[in-house]
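Next come two complexes, and both contain chain A; in the first it sits with chain B, in the second with chain C.
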Partner chain A sequence: MSISPQWQIDRGQLNHNWLQNGVVVALNHASGICTGTVRPRDITRSLSEDINRWQERSTELSSLLNRFVVEMSPRIYFNSPPLSRCPEETRSWLEPLTHELWLQRGMREKIDAAKAAYQKADSAFQKIYAELSNLPSSPTTDDLKPACSQLQTLIARCQALADSISALPHRVLCC
Partner chain B sequence: MTSSDHNSVPNDTTESATSSTLPRILVIDDMFGRQVQGRPNRERANLCGMYGLRDVTGDEPFPSDEEVVNPTAEAVFFRGQQPLCATVGDSVENDLGATIAFVRKGWHTDANSGPTWALVLLDLCFYTGAVTPDSNNAFAGMPVGRAGDDDARSYFGLTILKRLREEFPELPVVILSSKQREEVSLLFTEAGALGFISRTDSAGRSLLGEYLWRHGLTPDPSGTVVGTSLRLLLALRKARREAEGRQNVLIRGERGTGKDLLAQYLNRYGTLDNERRPFVTVDCGALLPSIWKSELLGHKRGAYTGADSDRQGLVVQANGGDLFLDEIGNMIPEAQEGLLRVIETREVVSVGATSGRVVDVRFIAATNKSIEKAAEAGTEFLPDLLDRLNFTKTIWLPPLRERRSDIPLLVERFVREAESSCEVAMNRQIRPNAMNALLAYDWPGNIRQLQSVVRDAVNSHRDVEYLVAGHLHFGIDIPAEAENNAADVIPPIISPAVDLPPATEPVAEQPERPLSTDPKNLNGSFDRLVAGFHEQIADVVEACLSAYSDPLTGKVNYTGAYRLAVSPSEQSSNVSGDAKRWFRMLFVGKNGLVAPLPAETVAKRPLLMDARRWACGSGS
Partner chain C sequence: MFTVSIVDRQQSRRQSLTAFFKDANCTIREFGLYDELVEHSPDLLLIHFRDGEKNIDVVKRSVAVYYGGGGESDDPDWINRKDTRQECHRIWRAVMPDGKGSLTKDEAKELFSYVKDVIAGKADRSIPLFLEPPRHPNIITALAILCQGYLAVHSPETYKLDKEFWQQKGNVQKTTTTTQWWMDSLCNRSTADLSKVDFWSALKDLKKLVNKEWEVSRVLSFAPVLTLLDSIELGEGPDMMVEKAKNALETIREFLDEQTG
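Coming up: the complex of A and B.
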């Protein structure tokens, strides 16, 4: 028995489309600016556009992770037949037991890992925002060097975040 | 939802015209291939920057505000879905038919005279469904997605991949995806992809370059080996693969196919690092008994009378690079022994030297002979050297008749070369009748012969602005070497009759008559009709054979006659093989579904009798 709830659709939008295809690709593009393989007309504006992509939907992503435990838990099966017909006195212990068993079978670790990865990525972005705000209006390659190495760290953390979100289940599983 | 016509590309993209030598790749991806109204596709621009791609799709409404430095390839993007440019309220659906049609547009077909795909980068997961205000705000024109879109068992990218493998088996496809490789590796491998690039891999640009080198169908960017036909590109790719790791290589092919140019190509592009290395050519037939040692191995001062100084041999000159042994089948046995020693020991001992010198040389040998037969005879070629060469990689260069679509490029090159080498020659246009004649001929002497014919035409007609069919003199030239696979060699050149009326005219000229329903007239009418039909087919085929008959010798160019009779859309790249099969079908039928020409119809026509002997063997 399985359900594919809205959370799964939102995960596709946020993790696959926005984070991986949007943010990580933009960061690699920014890395290209720093190394000189991409030459935009306005370096500072291009870099800002790339790195500010995080701010577009990072709050939504954080919210998605917080929603996971509620929306992807098998306890939601108790909201629909046949389990919704379960007597209240049985449901009162069976539903939380189902949820707890699900968490104990690796789910707690996975969601905690995803949340930790989010925090690491977010703090790396805060650092690079500070770095960018110190750049001159027409930065040279030397001016961009500190940002270059931070970008690599940022890309790695975003990728780790994306991987941890991909590792969460794709369906509400029965335990 | 816009309905799709699988025979055309809706919301047509217009590719930018370029004269670039960059390979052209096709990227099939829902997000990066989508068209965006009113603003640049920022995601696509970022992807291009990341992978070193120059976007030539031609659907961007605004000029790019950045430049990709030293791009790896030109890229055309395609969404794989309908509509290509979606807005709020639209429903985005996968469109396999339009995708395949788009791929076909850029593949090796008669309808395409432009650049062809070197490689396809293919996404796996395509999101479908409604475009809502929220999803449009996130990514313009992108849908919300449906639950099954993200299910690995039903990735639309795998559906596309399987169709591509069926319809374009030689087209290299590499997956470009943000999915984790381990999750999808078995799926895409079984479906026929050649590799995988993670969309989030920072080394994606160099990885793409590697895939293009190893799998891409790319012409020679230096222009040394001219051509863009599929046969040639497959040979170039095989050459790069076989030469990887600087292994010795044997190049085989008919005379005049450009084996020396392929050797130069290997020297330049035969390794991934594209480093320039020494390239030394040895004319093996010119190594006479008195000079081969000194030429090949070098000598010390005083080694013999006349050796006034040290001399580096050709092998040492090629140290660190490639030694090209042209026509190794012509090398005298003593030189073969000396060469064998060098190949085995990787050491050169000059004449008069007391010790050897270690060398790092790749040996690229070329021959149009059957050195196996010579080795069997035991006199002309050393079996040990043959064994050494047979352990190396072998690359076959196709004859010109199997890569006819390259003829226009070669003709253009040779015309300009001939004009520039002859100061007074005028710059000329090549008329269609001349090009058709050049395309129809079978070139037993291959590219060298083509060059000779074109040069002769230019030199003989210096003061004209056009190259026409009448300027071309093909001459009679039968290949001397039996190794040119005599069974398939077409009899020599005959100038085609360019004014032959289309074959359909005899049929079209039949007066239309109203069909009589009188039983007396209909009695036996079908048999009479079939007999008349056979006579007419025989008349047409005989006329085509006659057009390609040499009036002096009576020899017939069967491939030319076939090309005249059968429309180009029915012809494949293996025209000589097609010609034989087609004539055979005329005389023996096919699988009980196609009836042969009646024997009495053929017996009345000597040209058909000869054609039957050629196609079916002399016993028929």
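Coming up: the complex of A and C.
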């Protein structure tokens, strides 16, 4: 119904396609390895591949969250007709007002929550990377126990991150 | 026998979208989350964006209609890719599992006739209105933004704004009470280039655009927005206009919500 910014397209790619259908699925696979329900030939390598999915695009995801306030603000309507023809004396106060009212409609809280969820997920990944580097080349079930509980935390944090990104609006909310 | 297939993990939405076709004794095939898509050739394929990731090419249909609930799986770039597909359309409003935004009986009938025209190869067939992309969404959006600005100036208690924001408020208060102020930001060309006659005809055109927009949605009464436009045309003062701007803004908000669920 409205302008479809690149941000929306990128969000679909990163949150829906990569995070939920890529990273979370890979983490569940890794969890299966730790609990013994999945038995790959090379456990360490397979775990590493699953968990490294995060590194593939996590920087892009972080940048997506930083772009939100610029690209999804209704002030972008002032870049195209009819509001682009708005006289400067009106635009000088109406454009910042539109942006400020948008932030006041819960946008500040929502984007802060998504950024906090990102930080939590990222720090959990850093912990598990350290854990993985200490694993022997052919780990036993006991060796994998600490990673197993960390993986559950990681899956929960990734899901919370995905939910917080989904909670951001799906269109440029002008009012 | 007219055949309809629907691919959607939500059973309730499958039922609401196919209700008319069932009543018209069409053959319906439903595909849920765990159903494998098999090769077949329905006349009409209804498909949720999210479930379009399935192996949809095995279904050889005459017409495909995509829809979504306004979430992330909806294709935000549909307009740019639409022309590359044959007889592939989209319902532009959100269709929710509880039946909200689903096809009305009249719309389903229209779709039914349209698909029959496609099958018959009729050249002069017209696409049902609800499958047409919104044509002038930015006018509605601009009107909402102006309403907000107007209310912030003339009904400051509506919003919480810092005093510093309004350092030049005196000037703003005066300019926003004119018809010109609204039209400068809504007109499809600069009002400075318009003669007096053209100015009022531009306002009438604006009303027609707003009307058309609502015709596409067929969801809400748009009377409050037209009342505001009448008020702008008459050049009414804030004592009359504030309430009308509030009502129009509320209606636009509901309208935009209907589009995206």
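Just so we're on the same page, the second predicted complex is superposed on the first by the 174 of 175 C-alpha atoms of A that agree within 3 Å, B and C clash if a C-alpha of one lies under 4 Å from a C-alpha of the other, contacts with A are read in each partner's own complex, and residues count from 1 in each chain.
Here is the rule we use: contacts are C-beta pairs under 8 Å (C-beta built on N, C-alpha and C of every residue); 3 or more make two chains touch, one makes a residue touch a chain.
These numbers come from a predicted model, not from an experiment.
Colleague: Clash or fit: what happens to chain B and chain C when chain A is overlaid?
Modeller: clash
Colleague: Taking the superposition on A as described, I'd like to know which of chain B and chain C A:L97 touches: first, second, both or neither.
Modeller: It touches chain C, and chain B stays clear.
Colleague: Which holds for A:H170: it touches chain B only (first), chain C only (second), both, or neither?
Modeller: both
Colleague: Applying the touch criterion given at the start, work out whether A:P74 contacts chain B, chain C, both or neither, answering first, second, both or neither.
Modeller: Touch status of A:P74: second partner only.
Colleague: Please work out whether A:D50 is in contact with chain B alone, chain C alone, both, or neither, and reply first, second, both or neither.
Modeller: First partner only, chain B.
Colleague: Output check: A:H16 vs chain B and chain C. Expected answer is one of first, second, both, neither. What do you get?
Modeller: both
Colleague: Please work out whether A:P82 is in contact with chain B alone, chain C alone, both, or neither, and reply first, second, both or neither.
Modeller: second
Colleague: Check the residue A:G36 against both partner chains and state whether it touches chain B (first), chain C (second), both, or neither.
Modeller: first
Colleague: Chain B: which of 43-51, 61-69, 115-123 or 439-447 bumps into chain C?
Modeller: Residues of chain B that clash with chain C lie in 115-123.
Colleague: Which residues form the common part of the chain A surface touched by chain B and by chain C?
Modeller: 4, 8-9, 12, 16, 166, 170
Colleague: Touching residues of chain A toward chain B in the complex: what are they?
Modeller: Residues in contact with chain B: 4, 8-9, 12-13, 16-18, 20-22, 24-26, 28-29, 31-33, 36-42, 46, 49-50, 57, 152, 155, 158-159, 162-163, 166, 170.
Colleague: What does chain B use to touch chain A in their complex?
Modeller: Of all residues in chain B, those touching chain A are 31-32, 42-43, 45-47, 49-50, 52, 65-70, 125, 127, 135, 138-139, 142, 144-151, 178-180, 199-200, 202, 204-205.
Colleague: So in the complex, which bits of chain A are touching chain C?
Modeller: Listed in rising order, the residues are 1-4, 8-9, 11-12, 15-16, 74, 77, 80-83, 85-87, 89-90, 93-94, 96-98, 100-101, 104, 166, 170-171, 173-175.
Colleague: Report the residues of chain C in contact with chain A in the complex, numbered from low to high.
Modeller: 70-74, 76-77, 79, 92-93, 134, 137-139, 141-142, 144-149, 152, 159-161, 165, 168, 171-172, 175, 181, 184-190, 249, 252-253, 256, 259-261
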